[in-house]
Amino acid sequence: MKERRHQSLETAFLAEEIEYTGAELRSHFVREKSGIEWDGVVAFVGPCGVSGERLVDLEDAEEQHEIVSKRMLHFIAEHFQQPLREGNVRLRLFASIVKEALEAMSPGTLVTRDGDDLYVNKRKLTVAICTASSLSTLFHYGVNVNPAGAPVAAVGLKKFGVDPKVFGVSVLDRYERECESIERAIRKVRGVS
Amino acid sequence: MKERRHQSLETAFLAEEIEYTGAELRSHFVREKSGIEWDGVVAFVGPCGVSGERLVDLEDAEEQHEIVSKRMLHFIAEHFQQPLREGNVRLRLFASIVKEALEAMSPGTLVTRDGDDLYVNKRKLTVAICTASSLSTLFHYGVNVNPAGAPVAAVGLKKFGVDPKVFGVSVLDRYERECESIERAIRKVRGVS
Amino acid sequence: MKERRHQSLETAFLAEEIEYTGAELRSHFVREKSGIEWDGVVAFVGPCGVSGERLVDLEDAEEQHEIVSKRMLHFIAEHFQQPLREGNVRLRLFASIVKEALEAMSPGTLVTRDGDDLYVNKRKLTVAICTASSLSTLFHYGVNVNPAGAPVAAVGLKKFGVDPKVFGVSVLDRYERECESIERAIRKVRGVS
Amino acid sequence: MKERRHQSLETAFLAEEIEYTGAELRSHFVREKSGIEWDGVVAFVGPCGVSGERLVDLEDAEEQHEIVSKRMLHFIAEHFQQPLREGNVRLRLFASIVKEALEAMSPGTLVTRDGDDLYVNKRKLTVAICTASSLSTLFHYGVNVNPAGAPVAAVGLKKFGVDPKVFGVSVLDRYERECESIERAIRKVRGVS
Amino acid sequence: MKERRHQSLETAFLAEEIEYTGAELRSHFVREKSGIEWDGVVAFVGPCGVSGERLVDLEDAEEQHEIVSKRMLHFIAEHFQQPLREGNVRLRLFASIVKEALEAMSPGTLVTRDGDDLYVNKRKLTVAICTASSLSTLFHYGVNVNPAGAPVAAVGLKKFGVDPKVFGVSVLDRYERECESIERAIRKVRGVS
Amino acid sequence: MKERRHQSLETAFLAEEIEYTGAELRSHFVREKSGIEWDGVVAFVGPCGVSGERLVDLEDAEEQHEIVSKRMLHFIAEHFQQPLREGNVRLRLFASIVKEALEAMSPGTLVTRDGDDLYVNKRKLTVAICTASSLSTLFHYGVNVNPAGAPVAAVGLKKFGVDPKVFGVSVLDRYERECESIERAIRKVRGVS
């Protein structure tokens, strides 16, 4: 059986540094920054500071949290015409992929997943949120590089000697292959009664 | 904010041993065996032997594979009114959960995930498939206990000194909490533009 | 077969009185007022005055109606990831439940339903609307307690000696059980050809 | 604003008597018997006897119930491309309509609804089930005319002096108008935030 | 088999001339102008001038295009509760219908379709866009009558001696019948394995 | 903006001749014959003879039609996880593409479309049907090459000197580009209010 490549989504690592303020979690940000005209994920490095109205996570907003980190590796994904429930399942899977990529790149580091959050030695490595526009679901996944300023005990990629760009490209590639193989999986089964 | 428990699915570990032949991957098997009247997952221990028409995975059927294992821990899940694409994303997440449960119970064991399959030292630990009935999506997830008879290099829970019942209950509990927290997540976000 | 309770939605009767102006028909109002983190319905008592831009019912807006009532029992419901068509069918069912609850609590009173509206002796007992946010469907159901100020012939619970709180709790309980039993119903049938 | 009639479904009362055995709950039965080429409901009178494999209600099947009634007014509905959850909400609404039609035609009779079942003085008036084919959702709603043979305490339309044909036509007409007005309702609201 | 007419959508040709600025592509514009309370399409004649924020087509917006035409025949359609993907397939079909109507009315004219655009002798005849509100999908289809001012080589109905009103009514009628026959088609097939 | 190719479906022209009997309209026929593991369309040449149970079109079955043609160019398409309504809109668009391809290849030939059927001089050129499996929608589109045996006035590609393979490849290519550009279109628009 011939093997052809079908991308169900496209990815890009952005050269420029961008501060993540929450405003970036909007429809077509991926397209604007990368020219991707398909479902897509972009990764980039930059500080993180989200507060007030831009906290789309109501738990954070209700408790007047701020999300702060001096330097993060950010991922923003947009899947069009995807229900929010599927988007949230996909985000958990993305968290698993980030965990697996770090375990592969930093042997011996034990990463624990709790929903969409990752921890190393009970220190928080990531922030994550999935929401919907009227056209798509979107998620932001932030991995600390240098967590200075974070309001909780936190840890970053720097601590493990992992380069954010190399790491980001690895995660993008794993997620792209995962999404494609899911598309293949729904087309290779018989139905049952 | 008060914390109430809402089960989005129910689980049960079955006392009886059952051979998995592929015929069990059908709508209402979960209900018949456990009395669960909701979305649900059952786990049980028993041999595995699937061949011919019962291979719903067309890749296996086309290559006339057989799925054989002397003793497996089986999971069968049924989610009603769920699209098959979401079902497959959920199955990948279930595979991540099985990996995480084994890493927690057998410290030092490195488990690798490739789609819905798990490996330890390149030996296959699991079999997995997700399909649809006209009412639901269903998945079977089989974890080798003793992989004798498997047609490929395989490994089982026995090798790691992990008890299948204790392990099965742990996976059921993790998946139940994961599904509930996904339901909570889709209800706690602001939409974006 | 064991009988377990699965809430498909949660309800709360709010102690505080709140005026309904139309602005309350928005995503997460239920969560804000009750702490419910699931699909939910809240009930409360207060005046009603909706006009202008806040009339989401275009028939009302086009005819420059106002919705006014001195004292009403209000219900606001939010179901996430639910299509608007299903939301409207559910609203009609909610109207039936209100009718049944009043018939049970005020024997001999004949309540007539016309779509989502209820009447007693051709006098209007209720107002109702169902709409969508980008995350959910929402409905408002208002039952007159004292309809003074209403622009049409109207009647209220006071007339029947029915206490709004006792009545509201009864409706919430009936709707909660109805929604749960619908979830059970979709999981207990064989498909047909 | 002009008022035009848009049928969202079509109905027919069948002249011939037909025994309901369960086999009639299949896709295109409505079309075959009535020529309706749209979503539709047919009503007809005949005995009822359902057992064994034809019990699509698993609760009945598990307890080896039989559904028997000497003479019933039957309704079979088919809605294409409708999710089963919406189908079940619609069935509850249909049950409310049957209740309302009987109350209108037999003043003073108190009908109680419990999910999709109706009772008069704790005697069962109806049987109901909603299921799915791969193309549609279908429901059967049976109203006893003469419940002789029923395995539980039952009552029929005959007892109330209600003619099954007149009653059936009234229910069909109410349901047709209800479905049309739901379609109108989803098109006349502003969205909210 | 009896033949009954079921309108799945309603259409109207508006007597007044209206300039199309992009702001008309919004939910309930069809209802406001025509009183249609169902899925609907309106047609009208008027100039066209769209620029800046009102360009919902991001390709146009990114390249700072303007859409200008001295006189156009405009169609605005709104289908409620329709996914955007289906909306776009429907728009392509609408473009085919416009092509067919022109070929019928101006024999010998060869019209070429490229996606949702039509050309005669490589000159652009039309502009088209499909988008979503939170309640519906909407499309605008503009056919040049007199393309003066268009930024590309363009052609209009005037050139072919085709009256815009006669043409518009013909297109509305063809689309109405097409949509109805699609509804009929999904209800007249057996499912397959 | 960079231009990358994303196939939303894959196509293949089959070298072998295959008789179309109706049994080919089933899930995974495309995969079995071509190895395509994605949404796909295959084309092939062969006789056509469909009758009895294999007529999935109920209008044909009710009138005991037979579909016969000595030699046809057949297309079988399978789109996974696609609603039947969208499938039928897509089939109409496919019919438009076949019309356009013939007009391009046989200049001066006037092809008329009526729903999913094509005619030349009131003689039938095609047969078409769209149906659903539990996993996908499927369509068969047959274009007469030599219509000998057809029960109605018919015409074939041979008459126009059009080679079925060249023609089939052209249609496959047009449809593949159309489907891809639809995917692009749903990702390049702003939502509206």
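Should a chain be cited, it is by its letter among A, B, C, D, E and F, assigned in written order, with residues numbered from 1 in that chain.
We adopt the following convention: contacts are C-beta pairs under 8 Å (C-beta built on N, C-alpha and C of every residue); 3 or more make two chains touch, one makes a residue touch a chain.
Predicted model only: the values in this text are computed from it and were never measured.
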Interchain contact steps from subunit B to subunit D (minimum; 1 if touching): 1
Count of contact steps on the shortest path from subunit A to subunit E: 1
Option reproducing the contacts of B-D, where over half of them reappear, out of A-B, A-E or E-F: A-E
Fraction-based call for subunit F against subunit E, same above half, different below: same
Computed distance of Cα centres, subunit E from subunit D, in Å: 40
Whole-Å separation of chain centres (CA-atom averages), subunit C against subunit D: 25
Junction residues of subunit F, two or more chains touched: 1, 27-28, 31, 58, 80-81, 83-85, 132-135, 183, 186, 188-191, 193
Overall pattern in which the protein chains touch one another (line/ring/star/complete/other): other
Chain-to-chain touches, reported pairwise for every pair that qualifies: A-B, A-C, A-E, A-F, B-C, B-D, B-F, C-D, C-E, D-E, D-F, E-F
In the complex with subunit F, residue positions of subunit D that touch it: 28, 31, 80-81, 134-135, 191
Contacting residues of subunit C [partner subunit B, same complex]: 1-2, 4, 6-7, 10, 27-28, 31, 35, 37-39, 80-81, 133-135, 183-184, 186-191
Residues of subunit C defined as touching subunit D within the complex: 1, 25-27, 56-59, 61-62, 83-86, 88-90, 92-93, 96, 99-100, 103, 110, 112-113, 115-116, 129-134, 138, 178, 181-183, 185-186, 188-193
Complex interface listing, subunit B residues touching subunit F: 58, 83-85, 132-134, 193
